[in-house]
Amino acid sequence: MRWINRRPRRGAEMLLLCLPFAALVAAYLIGSAIRLDANPADKLLPSPAQLWAGIQRIALMPDPRTGEWLLWSDTAASLMRLAAGLGIATVIALLLGMAVGLLPYLRASLGAFVAFLSMVPPLALLPILFITLGLGEAAKICLIVIGVAPIMTRDLALRVHEIPREMIVKAETLSASTWLIALRVVLPQVLPRLLTSLRLQLGPAFLFLIAAEAISADAGLGYRIFLVRRYLAMDVIFPYVAWITLLAVLADIAIDRLRSRVFPWSDLERGA
Amino acid sequence: GHARAEEKTDFKVAWSIYAGWMPWGYAADNGIVQKWADKYGIAIEVTQFNDYVESMNQFTAGGYDAVTLTNMDGLSIPAAGGVDTTAVIVGDFSAGNDAVILKDGTALTDIAGRPVNLVEFSVSHYLLARALDSVGLSERDVSIVNTADPDMVGAFQTPDVTAMVTWNPMASEIAALPGATKVFDSAQIPGEIIDLMVANTEVLQDNPDFGKALAGIWYETTALMVADTPEGAAARAAMGAASGTDGAGYEAQLAATRLFDKPAEAVAFVNSPDLATTMDHVRGFLFDKGLLGPTAPSADAVGIELPSGQVLGDGANVKLRFTDDWMQMAADGAL
Amino acid sequence: MSAISVENVWKEYGDQVVLENLSLQIADRAFVALVGPSGCGKTTFLRMILGQERPTRGRILLDGQPLPPEPGPDRGVVYQRYSVFPHLTVGGNVMLGPELRGARLTGRRFGAARRRLADEARAMIAAVGLAGSEDKYPAQLSGGMQQRLALAQALMMRPRVLLLDEPFGALDPGIRADIHQLMKRLWNEVPMTAVMVTHDLREAFTLATRVIALERLRDRPEERERYGARITRDISIWPPRVAGQRTSFDPPEGAEPPL
Amino acid sequence: MRWINRRPRRGAEMLLLCLPFAALVAAYLIGSAIRLDANPADKLLPSPAQLWAGIQRIALMPDPRTGEWLLWSDTAASLMRLAAGLGIATVIALLLGMAVGLLPYLRASLGAFVAFLSMVPPLALLPILFITLGLGEAAKICLIVIGVAPIMTRDLALRVHEIPREMIVKAETLSASTWLIALRVVLPQVLPRLLTSLRLQLGPAFLFLIAAEAISADAGLGYRIFLVRRYLAMDVIFPYVAWITLLAVLADIAIDRLRSRVFPWSDLERGA
Amino acid sequence: MSAISVENVWKEYGDQVVLENLSLQIADRAFVALVGPSGCGKTTFLRMILGQERPTRGRILLDGQPLPPEPGPDRGVVYQRYSVFPHLTVGGNVMLGPELRGARLTGRRFGAARRRLADEARAMIAAVGLAGSEDKYPAQLSGGMQQRLALAQALMMRPRVLLLDEPFGALDPGIRADIHQLMKRLWNEVPMTAVMVTHDLREAFTLATRVIALERLRDRPEERERYGARITRDISIWPPRVAGQRTSFDPPEGAEPPL
């Protein structure tokens, strides 16, 4: 039988799913053992015990200096920035994307500009951002917004534009004004897509967050990683990276659940 | 907004994480900044930067009234950028904090022909230039690879890195790695890499109280941290933790730092003729690298004023000023 | 009253002439079936009546008044696809028109007004045979049910003119016969003029009071660009069907023979 | 008439297109004039003359220190890395994406793993990368690969999976083996999508390139930006940012042209 | 020889019984039309013959041999959609099967072999009336032309069994009549057994030698899960049509009356 037609059984499926993760862990353990064998003070791949000690230090006991549970205060600081940045970007993308997608005048004037903006490398603009907005939360949030909003806007405008013209005309025959078309026909149809677009931007948003926190911050996941990087404290960096990944995966799942819960019809459409 | 020359009461100070500058963070966390600001009826906001370059840029762009930096960066960044800068406090100089480290080599001359990883145009670059000078080599005998400071420790463990110039805490981490040998360090050019707290000259002239407050903060904090008391040990531990290490690690870094915790010593340092020699080396190096501005015709383009009133370079374009005014006040107990 | 008069209408896209000098009077409450080969401009013609396109030359009048230049609630439309809104339930789709007309700011009705509207919608949904599916989404309906829904949605606005662009083309024959029945009843009961594009001659003759064929008379490749389609046949059904009156020639309701 | 139905005329269109760009330039000129008025030596927003001098220095004359035309040697170094990184990522995405999309066994085992990988923040892993791969070109290229390959792979696997089952069965009735289905049915159908996916990853790829070059390099666009950031040489940074944006836009257009040229049917499909 | 025998076949999806104890003998070179209401399992039945699905119980034999468990070149298929490859031209689509069969590594023929194949393909393309469109992509063809192409593509493999799942459901009636003609001719000329699912009874009776109706006898909601569809009618067309022979009852070729 062709491989294309062979399907793993239920039990085997679970096993196959875990296999690459197990392989990753195994590779790590072996690598770590080899390096530590050669140089017991090696810091690059800490042993499980060292990792656990690191995790305890950052997550399970307060920092002796500030009395804060580092991982949690860092997470709170970062998530706040992330939520603010992504929130603002989403609102911008929604408003601008709908307007550009719907109104020919705006499309003519802003379409190319937004495409252009989405190509500007935001990291290179960091100095300007910090100088104009100062070093507070504003600049960090703004970097996230600049990094993800143009792409989300572009995507949304495209989706709006893809709504069949027939539907818009139909709404017009139901006496809708431009405003009502936007509000009751286009907005609800692109909201699920907006959430999907948001999911796709989670990765880049974390990236910009880390980059911004690397430059100036006194808390945050990226801040901590860059702070301890000077000492190659991989026993802190690995747990932080794993934690960030976990947060991103959870956010991804949560947003998709939200979409499916709030817009049940968007699942039906997909199947059709 | 731009730091304008006028009387004001709110001041912003930037500092970044480095052994000799940790007292600023400690002072801010422990109410010492507040205490001195209150004394002079002003407000001082102290901001920590993860990224040293960014802190200097912010100062140059006018976002901050004062910043911690080295003598060399003070000349090449704010001063060459047109911002008249005054060194309020000479906090310390590097006496081993910056080092040239080789893999599979025991003498500095072994560096010839190797790629050298360092932060380009930083004090490490300067240290390398001075080190090469001392054995009759020049930069043409090596190749420079710009490498970000947080990644130095990791980078050194890769096979293609065989020579590195960096500062603490990375330098001591690296020197402890198997196969690494420190072949030159800043203790061999004492007093040339100086850590300063600089302020915008105009701001300072219009608000001398700001300078007094800075001096007050610095000397109260350093007095506390060098004290051989439980409080002193606690302060050092806190500063170590803030820089991502622990008390012992931090004390090791301090050992390679000539900290001026007594104002009189600092006054003596800036008034010694060696400072002119040092700054002459520095500006020669910067001019060589094109860091005094693309249009600078010579190393004299930017004037440097010394406490004696002597000016190195263009007297009409003095942008970097060394002074003992505030440190002298501290020495006199006049704060 | 809702008579349409088309006066010397031409439609060109760039250099290509699609419709050539069309003139046509459609009486009030007529049911016109528009047939013709693919690409001859039937949809284009419908779009012009709808206000989605404008004639290159000539003009179209509705009861003697020039047409508004954009679609509006006086002209309803049912397309072959994309006629209902996927994000609204059956009830939501049917209520949408009156809601939009009644609430110019929020596009939603609340309280008593909403309840009244919901009752009206329920009646209309029942009239098209969708009773019980009020809370389903279009994707949960079969093709035939979706087209019924589109009809109900359009009829809620009581349009003076109902335009249908191959509304039943995608349906199975059995379902199509069903919906033909419904269409006839609605046309009899609701005061409107209907224009329907279809590919199916049988459908045209089953439903219409008048069948109009559009065709390109000169269809050689070199002539294609320069000559458009014209009306080649215009057949009034005999015995004449009149809205609201059944002729003895129409089979009794419910007794339509299956295809 | 509703705004939704109003369309700008031909001439007005061009004007509208240029408007936001003109506004951006105007905003810059005003900001620059204000700052230079307050401090003639200000470096943050150089005047047009200063910018032009900067451009001349980097692009039109050799660097007095090294004798190189900086912009061009930096561009060559960066584009080489970018091309290598994106090339490798594309090949990985193609092979792995097709395999995961086609073969149920691989899908069960690698699907979730690839999704997980695409959520790991690559910047945080830089130290490990540098240590295992050294500071040379390999690490920079690898960062780009790690940054973009998982997302491209995921996207491609999804596209492969979206190919109607009917088409695969049809190919089977035409006697195709799994290999031939992959080669002659699936591959050509997903290649256009791969190119589109590649276009979408240009932005992130530039980002990773800049981040990698900021950490260790002796030439490259990101290297130069971060080097001259030391003395806030915005007269170099702005032209570099504009140049990177231009390169990204050009690459974007070029890849789309390529797709349309090599796979003419993919344009037809879209219209359908 | 290509007789199909279906022996006590059940098909269940989870708890839901779709087909219940189906037994059926299909003679060599028969043309079976499968009709029945939507969702009764016609496509499922076809999929099982194709090898895309396996019966839950019972077995299917092709000429007395158990069916291979996956689709292969002995059984061709034409679906309503997705039957041709959008990335290949008409010529490429038609040549694909022989190319895949002949070149197991590259899936491409070169040189003389390719030229021979191209000639063969051109003949087949002409046979289905697509001569001249060899270099067009499917997206450039109308729906009817695409289905002709799908037929040509399947016939190039000379399958013993040709399976058709509502192949003409999406076509306009005029075009459908055309393609029915073609279908009849091909079935007469190419030695194969055909099984066609259709919704259109007229089509079934126009083309088939035998019409089989599938239906759920117990279709009350509470019974739906537990009882599947069965064969409710099995009508042999009279006078019998035999492949390769025209009966005097069939109208002469080309004289099929328009619908």
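Order of writing sets the chain letters: A, B, C, D and E. Residues in each chain are counted from 1.
Everything that follows uses one rule, which is that a contact is a pair of C-beta atoms (placed from the backbone, for glycine too) under 8 Å apart; a residue touches a chain by one contact, two chains touch by 3 or more.
As the structure is a computational prediction, the values presented were derived from the model and not from experiment.
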Comparison of D-E and A-E by number of C-beta pairs in contact, larger one: D-E
Taking each chain's C-alpha mean as its centre, the one farthest from chain C: B
Chain C-chain D separation of Cα centroids, rounded to whole Å: 48
Averaged-CA centre spacing for the pair chain C and chain B, given as whole angstrom: 81
Rounded Å distance, chain A centre to chain D centre (Cα mean): 18
Centroid spacing, where centroids are CA-atom means, of chain B and chain D in whole angstrom: 38
Interface hub residues of chain B, defined as touching at least two other chains: 57, 61, 151, 154, 157
Residues of chain E engaged with two or more neighbouring chains: 70
Interface hub residues of chain D, defined as touching at least two other chains: 2, 44, 127-128, 131, 172, 177, 214, 229, 232
Complex contact set, residues of chain D against chain A: 2-4, 6-8, 12-13, 16-17, 19-21, 44, 102-105, 108-110, 112-113, 115-116, 118-125, 127-128, 131, 151, 168, 172, 177-178, 181, 202-204, 206-207, 210-211, 214, 222, 225, 229, 232, 234, 237, 240-241, 244-245, 248-249, 252
Chain D to chain B touching residues, read off their complex: 35, 38-44, 53-54, 57, 64-65, 126-128, 130-136, 214-218, 223, 226-227, 229-232
For the chain C and chain D complex, residues of the former touching the latter: 69-70
Sites on chain E touched by chain D in the complex: 50, 52, 70-73, 75-77, 79, 81-83, 85-88, 96-97, 99-101, 104-108, 137-140, 153-154, 157, 159
Interface residues, chain B side, partner chain D - complex: 2, 4, 53, 56-57, 60-62, 76-77, 80-83, 117, 120-122, 143-148, 151, 154-155, 157-161, 289-291, 294
